[in-house]
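Lettered A, B, C and D in written order, each chain numbered from 1.
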Amino acid sequence: MRGLRRLARFLSIRTASVGASLVIAIFLVIIVANLGGKIDEIIEQEIRLTVNMQLQDPRFKSQLGYSCETMCKGMGVMEEGVLKQCVAQCMQSWVDERTRILMRTYGLDQPFVLRALYYLRDALTLSLGRAQRIYSDTGSREVWAIISERLPQTILLFTTANVVIFFMELFIGLALSRKYGSIFDKLAVTLAPLSSMPGWFYGLFMILTFAFWLKLFPSRGMVSAPPPEDPWLYALDVLWHMVLPIISWIIAYVPIGVYYYRTFFLLFSTEEYVEYAKARGVPSRVIERRYILRPTLPPIITSFALMLIGSWMGAIITETVFQWPGLGMKFYEAINFSDAPVVIGIIAIYAYLLAATVIALDLVYGILDPRVRVGGE
Amino acid sequence: MSEVLKVSDLKLYYSTMSGVVKAVEGATFTLNEEETIALIGESGCGKTSLARALIRFLPRNVAELSGSVVIDGIETINMSDAEFDEKIRWRKITYVSQAAINSLNPVIKVVDHLIEPLVIHFKTPKKDAVAKAAEIIKRVGIPEDFLWRYPFELSGGMKQRVVIALSLITNPRVVILDEPTSALDVMTQANILNMLKELKDESKLSYIFITHDIAVSSELADKVAVMYAGWIVELGPAEKVYVDPMHPYSKGLLGSVPRLKGNTPVTFIPGTPPSLINPPKGCRFRPRCKYAMPMCEQEPPVVKTGQGEYVRCWLYAGK
Amino acid sequence: MSGQQDLLVVKDLRVWHPIRKFLTVAGYVRAVDGVSLSVKQGEIVAIVGESGCGKTTLARAIMGLIPAYSGSIFFEGVDITKLPKPTIRRWYSAQVGLVQQDPYGAMPPFMTIKKIIEEPMIIHKVPKEERERRVRQLLEETGLTPPEDFLHKYPHMLSGGQLQRVAIARALALKPKLIVADEPVSMLDASVRIEVLMMFRGLQEKYKTSVLYITHDFATAKYFSDRIFVMYAGQIVEAGPSRDLINKPKHPYTEALINVLPDPDPGNRFTVKKILPGEPPNLIRPPPGCRLHPRCPYAMEKCRREELPLIELSDGRQVRCWLYA
Amino acid sequence: MKVAGIPNRLKAQLKRLVHYKSFVAGMVILTFFVGLSIYAMVTWPYSEAVAKWNNPAVWLDYPKHAKPSWITLFTGVRELEGSLIIDTRLEAKNVVKLRQVLERFGKPFATIERISIGFTYDYDAFPARLVYVVPVNTTDRVFVNMTWRKPSGIEIIIEKNFFTSGELIRSLEPKPGEVPEFALRYVEIVEKVYGVRVNISNLNPTYLLFCDDEYLAKTGALRVLKGSYQVGVETFSSDINSTVDLRLVIQGTIYGLAGTDFLGRDLFMALAWGAPIAMAFGLTASLLSALLQIAIAAISAWFSGVVDVVVQRINEIFMVLPFLPTIVMLWMFYGFDLWTLLWVIILFNTWGSGIKTSRAMFLQIKEMPYIEAAKAYGSSNFRIVMLYMIPRVIPVIIPNIVTAIPSFVFLEAALAMLGIADPRTITWGKVLQEAYTHGALLQGYYHWILAPSIMLFLMGIGFAMIGFTLDRVFNPRLREI
């Protein structure tokens, strides 16, 4: 009970602090982005677009045309050419006026500081606005729709990859720490430099070897075209497409992870209480579980969580290389089309995810580490 | 009185990058039931290595371990690790670690530490084990509700008591106490020493008491083994070693203890202990010894001075 | 030794560590609570107490490393609690030397012995030739001979005893008037301990330096110091000439502490030591009245209520106990 | 984890390094890159290199998508390296030039010019493409008739046109669904001679000019016809002063050490220049961000209080900012060159989790007794931070700096892959990106993608091997176990 209250208080303080950082971070992004007037430009463009959309409606257009014509005629313009010109001018001035009104309602006439606050509110409430050039697969221009339809694919691929990588690292690392100095251990040390290359880089080689040369796996995409109808076959097909990206990530990230975990566990097993447990004849299985893994769980989980969230971000190029239809590829598209709202939207989403991870990690620490939970040192 | 431990000619070498470390050489002593032997000497003299060799709690780089260690009538030196774990470790002999402050797993509760040896070595049902833990923790003077706390909620003295409880819970014959009080305040130290005295009588325990503090060693020791550079240079009953030591090193060591009572001047032994990789030829104490003779360049004999007593010095050869 | 001038006078010193919660101060840890003492020129004064009694905090306050909450510390008549930090750094830091407990931690592992001893002199702008000469001289004086063998070594190549000699050399480098030695030998082996203390004593006499010897060990204090101050829970409970105090302790705490300390004696194992029950009090909310009363076998009603000052006894000793009032 | 390692006995440690095979291998790789960098900088000074690389005109005559020339050592096939260029304006060997002025009524009224070029082609592989240029200097219309005579004796008229002043440029390369006129004529000739009508759709027209006709007629497949070829140009113009020349560029299939890209640019130049840029970029980024990081962390840990709070807040802000997307945004809005990108990367890398770990390390160091001793003998704050705290972490930092160098090189490459790159600088990442976006993988121009990849790979592995060995020597945490 005492622990729970402490935990709750600790967590609320952390949430407040991380929340504040999140707000400041997004605010900074807005200010930096708007220093060149970019966001204002984007919003003005969008407003003009809405106004012009209204004009697309033929009924409305004919109504406006009629009233303009009436007005022009009322002013005594009769001659055909001049009348046409007058009507066009009148309609344009309506568009300008309408835009001005809308801009005032959006607050664009207000000083920058105030406007930045409005944008901040929008970003924080995930009202991310509309894309300038790219569409979602369902044809929507809402940034939110574009992001939300792509995020699951990214999460699917990279969470799977990371879980596989994490468990490989952990268990190979643990096994090697038991066999310090053996051939496998030396092999692990020798292979570690392989991890100085990122996953997408190995991806290129994987495509070259397994897709183009050996033709064992598909080089691109998430499902075959046309996709299988049976849901099981569909899942299998997706899995088949996931093999190459996951293997490239394994080559890129497992060697260093194994090296670090092995060193970490080796150093940790010299802790006095691990040594003393060995002296007591605690079986090595129990030592590994209760005396090595359990106390080191908080840092291990931290590294996993940061790796996971980092992978969603670092996935941009891997997705592009493998043409995996996730957020990363959409991001690539947005860069190529210079679609600022999408880029800013993705930054906001990631900022949220990162902040949530930081808080979640504090929570995990609180739950797993009695020193935080019960209080002490 | 029956013999619970008999060590003869124990040898322990480590291999390191700079050469072979001769940590223990030719250690011989016996320990009877309800008896305490104190291993005293300066740091690095091999006392901890000797004690750890008895319970096979050694680093990976052991180069040689030979001689004879008979615990409760069982020769253990040639046992496999598995057999040792099954028959000896924590059943016959237990170990109280030097750094009790860090010897407990910070993320599991006191009770989980205490029941672990019972569950592992005796397959005791958990309920009975917890009852036993509650009993033992009261015996070491800690309230029962501390069972459910984490180690970091305990003071240094309490942690030391928990570690002692942990080494008593399986009713061993021999307990190795490796500097059990050196990190504690004098008052707590006295408290724990009192408790150890009581426990010894209650449970018919034998202690191997390792300390660098000679004054403290006299609180428990029936027998004293003085160690220098991997050798036991003198072994004898407390009455003799504390009052009238024979070996020049023992004399020097005792002379360097500042005393509260009386006005005995203190002295010191000049020089530093030798490296165990390249110890001096002959007597290892020779370079620092004020009685050194030419003969000391030969390895000194083990001179028996009584039942289970000896001194390793040329001064007493032939007497 | 008596009759000389007071070099250091501490008056009613309080060092309270604030406990911060959010932006407010929730309370204080009264690590040092009303300590008065004096050190004469050339005198060795020991402060003895268990860990957590405030002796190290007192030492750090005297070194000018932490601020006092109230009270004053006069060094040669100057109250250093009122001095601005730069003055402490420029002037006072050359007047006092520090020897610490952990010989391995007390030296930057990446500096050579020469550099370590030289550092204080570099900071206090001693000319280069003078520094070189002095480093050699100090190494010789502390028994690290020949100096050439040590100048270019790194701390991890030396033994604990040798490192403590280096620490003493460093403390003496600027010829300070006072050396604060915080448990200088407690991590060393028994025989080395005496060797280092005797060497230290020799140098202290040569340099006519005063020493404040902080320790938990009455036995070495008896041999090494002229006077002993016993601390308990942030206060001085008893003071007096070393041998007198140890032979005839007056305060119940001193008495208990000396009683539990053994001399090597084969009879020890048949006796059970009398010890004070309980543990030292929490210094955030110390008990009212005499701080020892919850543990004291002689505690009276008065002890629970009234706090008392150090009482001067006729034989030049002081004690903080109602038994002597 | 404890702060480990003691940075002394430096010399002895450096000597020990040599005993590690991985260190020696890493040093060999590093030496190779240093050599390459020096070669690049000596051969093409930076501005010259950039200007040359970015000017497509320079590369016009180079073969496009040529493979590295050493590849023939493995295949045993003789291929044309580089381009075979014959320009009648520049050389006279194997060139016959005849000029005839026609007269009518004693007055010159027209010129006929005949140019004939001969060359021998005896390679096993077809050239990649043929480019010919006919520069004409005239005031009137010129009739151009150009013939191609194979060693087999078959002569094809490849150009038959009226032309006014300027240059007639033809580049013979496959264009889907388009068959050049001469190809049709060739098919007819083959049919006439061998009685077989061959299918030539989707063929590289250049191949038709170099193929063995008989073999083609019999098997329908292409084979190089070795021997001497004759190319003739005949012009007729009513301008008596008109001059005509011929420039023939036969582009081969292999070039240099690294081949060429889609513009015919010599990839070796990019590979060589990529080395100093990658090393400078990686080293600067790694070194500066590590130094800034420890400086900030040390100051934050030492001064604690307000300074520490501010540093931690700033750090948290950077921790919730997604690194890559933010850099992309900055680039989109402001656009920057490679070196500005470097500063942005350093800024983002300095902050974040690195500071957190360094700060934790310094908080531990701050509690070391020797710091208190330094304070006691009057060290200033600056001295303590610089001389007492920072040196303590150097052995941890140096291996990390070395190991991190490739990660910055790859970061640059990754950004280049996203199209975020300085348009003018030559980096391996940019070559890789161009290869990738121009379908090098799909079309089998493997050398184009492999060359920069191997460079990146070598650099990564080289620095990593050195870094890992340094870590093992400087931080011998595992030695006692």
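Throughout what follows, contacts are C-beta pairs under 8 Å (C-beta built on N, C-alpha and C of every residue); 3 or more make two chains touch, one makes a residue touch a chain.
The structure presented is a predicted model; accordingly, all values stated were derived computationally and were not measured.
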Using the mean of all protein Cα atoms as the middle point, what chain has its own Cα mean nearest that point?
A
Winner on contact count, chain pair A-D
Rounded to the nearest whole Å, what is the centre-to-centre distance of subunit A and subunit C, using the mean of the C-alpha atoms as each centre?
59
Per the C-alpha means, the centres of subunit A and subunit D lie apart by a whole-Å value of 32
Centroid from C-alpha atoms only, then distance subunit B to subunit D, rounded to Å. What do you get?
70
For subunit D, residues that touch 2 or more chains besides their own:
481
Among all residues of subunit C, those touching at least two other chains are none
For subunit B, residues that touch 2 or more chains besides their own
60
Across the complex, what residues on subunit A touch subunit D?
17-18, 20-22, 24-25, 28-29, 32-33, 35-36, 38, 180, 189-190, 192-198, 200-201, 204-205, 207-208, 212, 219, 263, 266-267, 270, 306, 313-314, 316-317, 320-321, 331-332, 335-336, 338, 340, 343-344, 346-347, 350-351, 354-355, 358
Under the stated contact criterion, what part of subunit D meets subunit C in this complex?
6-9, 368-370, 372-380, 383, 388, 391-392, 394
Subunit C - residues contacting subunit D, complex
60, 63, 65, 89-90, 93-94, 96-98, 100-102, 105-110, 119-120, 123-124, 154, 156, 167, 170, 173-174
Quick one: which bits of subunit A touch subunit B in the complex? Just the residue numbers, please.
180, 271-273, 275-283, 286, 290-291, 294-295, 368-371, 374, 376-377
List the residues on subunit D that touch subunit A in their complex, please.
1, 22, 313, 316-326, 328-330, 332-334, 353, 403, 406-407, 410, 413-414, 417-420, 432, 436, 441, 444, 446, 449, 453, 456-457, 460-461, 463-465, 468, 477-478, 480-481
